[in-house]
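Think of it as A, B, C and D in the order they're written, each chain with its own count starting at 1.
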Amino acid sequence: MAKRRDENETEFGRIVAFSDGVFSIAITLLVLNLGVERGLTEGQIDNALWDQRDTFFAYAISFAVIGRFWLVHHRFFAEVDAFDSRLIGLNLLYLGWVVLIPFSSELLGEYGGDTTSVVFYSVNLAVVVMLGALMGAGARRRGLMRIDDRTHRENQIRSAYIAGIFLLSIPLAFFVPSVAPYLWLALFIDPSARLTAWRAS
Amino acid sequence: MAKRRDENETEFGRIVAFSDGVFSIAITLLVLNLGVERGLTEGQIDNALWDQRDTFFAYAISFAVIGRFWLVHHRFFAEVDAFDSRLIGLNLLYLGWVVLIPFSSELLGEYGGDTTSVVFYSVNLAVVVMLGALMGAGARRRGLMRIDDRTHRENQIRSAYIAGIFLLSIPLAFFVPSVAPYLWLALFIDPSARLTAWRAS
Amino acid sequence: MAKRRDENETEFGRIVAFSDGVFSIAITLLVLNLGVERGLTEGQIDNALWDQRDTFFAYAISFAVIGRFWLVHHRFFAEVDAFDSRLIGLNLLYLGWVVLIPFSSELLGEYGGDTTSVVFYSVNLAVVVMLGALMGAGARRRGLMRIDDRTHRENQIRSAYIAGIFLLSIPLAFFVPSVAPYLWLALFIDPSARLTAWRAS
Amino acid sequence: MAKRRDENETEFGRIVAFSDGVFSIAITLLVLNLGVERGLTEGQIDNALWDQRDTFFAYAISFAVIGRFWLVHHRFFAEVDAFDSRLIGLNLLYLGWVVLIPFSSELLGEYGGDTTSVVFYSVNLAVVVMLGALMGAGARRRGLMRIDDRTHRENQIRSAYIAGIFLLSIPLAFFVPSVAPYLWLALFIDPSARLTAWRAS
């Protein structure tokens, strides 16, 4: 049975606080993938940094992606009026895949041009997006949140778009693994914002 | 002497926030047990990931277990009306054992088929469950929370069930260490939910 | 479109809580740059600690700097009355550069007298300050906060002063890299506090 | 100038939340000092765990100590009615020494019987206690909190007692380094609680 949010503020607050904690730690742990060896000479330091350019790229893209997931999670929970144990359970499963991102990112930074790394990263992020969409759809169906059809449609388009990018990069990774990550730059285009703008015009 | 929660909201809130912080960090640190060496060739990457299958399993089970402990902790503190220094002290001791889980999980991931690792992991988790049950029983006895007998009984059954699984896997680990972890899948069965369903029928 | 803070307390609270989480983790991860090797003899331990004096210095300066950034962020968000997606986006970008500090600090601790490390550290911190100033100026222009001209001017002077210190240390690092970090001690002088004191006299 | 707490709830809340964050991360990072090498045989695992007994001891004592510091900090901020920039600054300095504890603990776990480690650990903890006492005394003198003389006296006794234990273990470390840590078990005796009990009798 679902508990109403306004009657269980502390309990609801803890779910959100725990999720925020996990998000903020996962996003900060990304920095641990960067590192320098000890005892290098002056010229070697520059090389060591340059050799990590893929790791810097993975850092930037993963920070942006986790940040965006947090934002979506944030907006989603702002709309939620009630919660049940299924929502809490799915949220935990969702966070379990979010926490994997620093590892996938390490893999990507270390072996950026490798098929396995790109596939691993893509699968990880696609699962996060799909679990998020599942959580949203379920919450709506079970009456835990009240959003109008249009907003719901927009959220669905957005999720499908992001999941689509990562799913598309999987076959790409088998032929041109080093190109696939560039596809992810399409993440910075927001299709539903454009849709809204286009409708309003 | 016990302080009433509604008169000490900030102080109570900090206990909960600190606990949430510890839980969310402990659960996120699990990802640090996963890692890839530098300088592998393409085929070696796949092998390196495959060799970590036990660590992935340990990650999944530990994430589920810490998540579940957090949930129980969360429900417990939602019922608490007052707190005293003994509750705070026990809570710290409890958290001290929760924080050990990422280490036990590392051990389990690295040496999954080894008696010592399985025993270590089982003892760690059994202690957490028992300290949690102790904290709950004490809080109830000292009048810090008001729950009816039936809910209390259900909580006790649940704790005894989970502690039982881990305690049972200790002798098992001496004979068939690689089988013991499969016993833990029984965690995903909730005995008191079934009990409730059975009673209702 | 901007959302009013007093009508979206939970949502606003999460932005702040997430930022606080990131700040507190980034500042705490600084300790991971310190470390001792295993298996040293008694005399070697003292040497190992002494050899880390640059890392201790980097720890102290980075802790002070992140602490100060947190303080500025804290004061800034205390003045904000409304928020829009641009503010949230810029805040994420800002945090992305804050989280880099433990890595820059590691580099600085390991290779304190090296041009690259000092430049890297300086650029990192200068970018943080400039993004912070940008965030503040934008929030003010879009009417998200109401601060009087004088306070705004003081904030600008303070930002320009801190960014100036780090930008100045970049050319310095090319000629006298080991001297540049001493320039950063000027951070502990607060120019606008002095300005205020001088005006008041 | 001091800001009243009840008029600046969000701002005050962030100081507390940031401190809680730092405390909970520092206490959780302690687990990273524990670790197992890869590729050990069955018998070697047991030895590897047994060789870490000092690290387990350091983990337990440091967890208890940080937990206790958090408790004191928690009680202190529960009494605070107002805050000024000096309190915030001192609090940051205090946290900067708290965050060092995982490193001191690593040193102690690795080289428990060594003079340098014991001195380092003792100095670290003594500084934390003294900064805490300084923060409390200053806050009281500047009228930021209202506590009666008796409570204040008790807090002072408690701080002096804890600081005394760590300061005492410094000379001890020069003669019998492996004995000094046992002195710290005296931490678990609460002198002012006993004092209160004795007065009441």
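Annotations
We adopt the following convention: a contact is a pair of C-beta atoms (placed from the backbone, for glycine too) under 8 Å apart; a residue touches a chain by one contact, two chains touch by 3 or more.
Computed from a prediction, not measured in an experiment: that's the story for all the values here.
Touching chain A and chain C at once is no chain at all. Listed by label, the chains touching chain A and chain D alike are B, C.
Where the sister copies chain B and chain D meet, the same residue numbers recur on both sides for under half of the interface positions. Computed centre separation for the pair chain C/chain D is 26 angstrom, with centres defined by C-alpha atoms. If you average the Cα atoms of chain B and of chain C, the two centres end up 37 Å apart.
Touching two or more other chains at once are residues 17, 21, 25, 29, 32 of chain C. Taken as a contact graph, with one node per protein chain and an edge wherever two chains touch, the assembly forms a single closed ring in which every chain touches exactly two others.
Here the touching chains pair up as A-B, A-C, B-D, C-D.
Chain A meets chain C in the complex at residues 13, 16-17, 20-21, 23-25, 27-32, 34-36, 38, 40, 42, 45-46, 49, 59-60, 63-64, 67, 70-71, 74-75, 77-78. Those residues of chain D lying in contact with chain C across their complex are 8, 10-11, 14-15, 17-18, 21-22, 25-26, 29, 32, 88, 92, 95-96, 99-100, 102-103, 106-107, 110-111, 114-117, 120.
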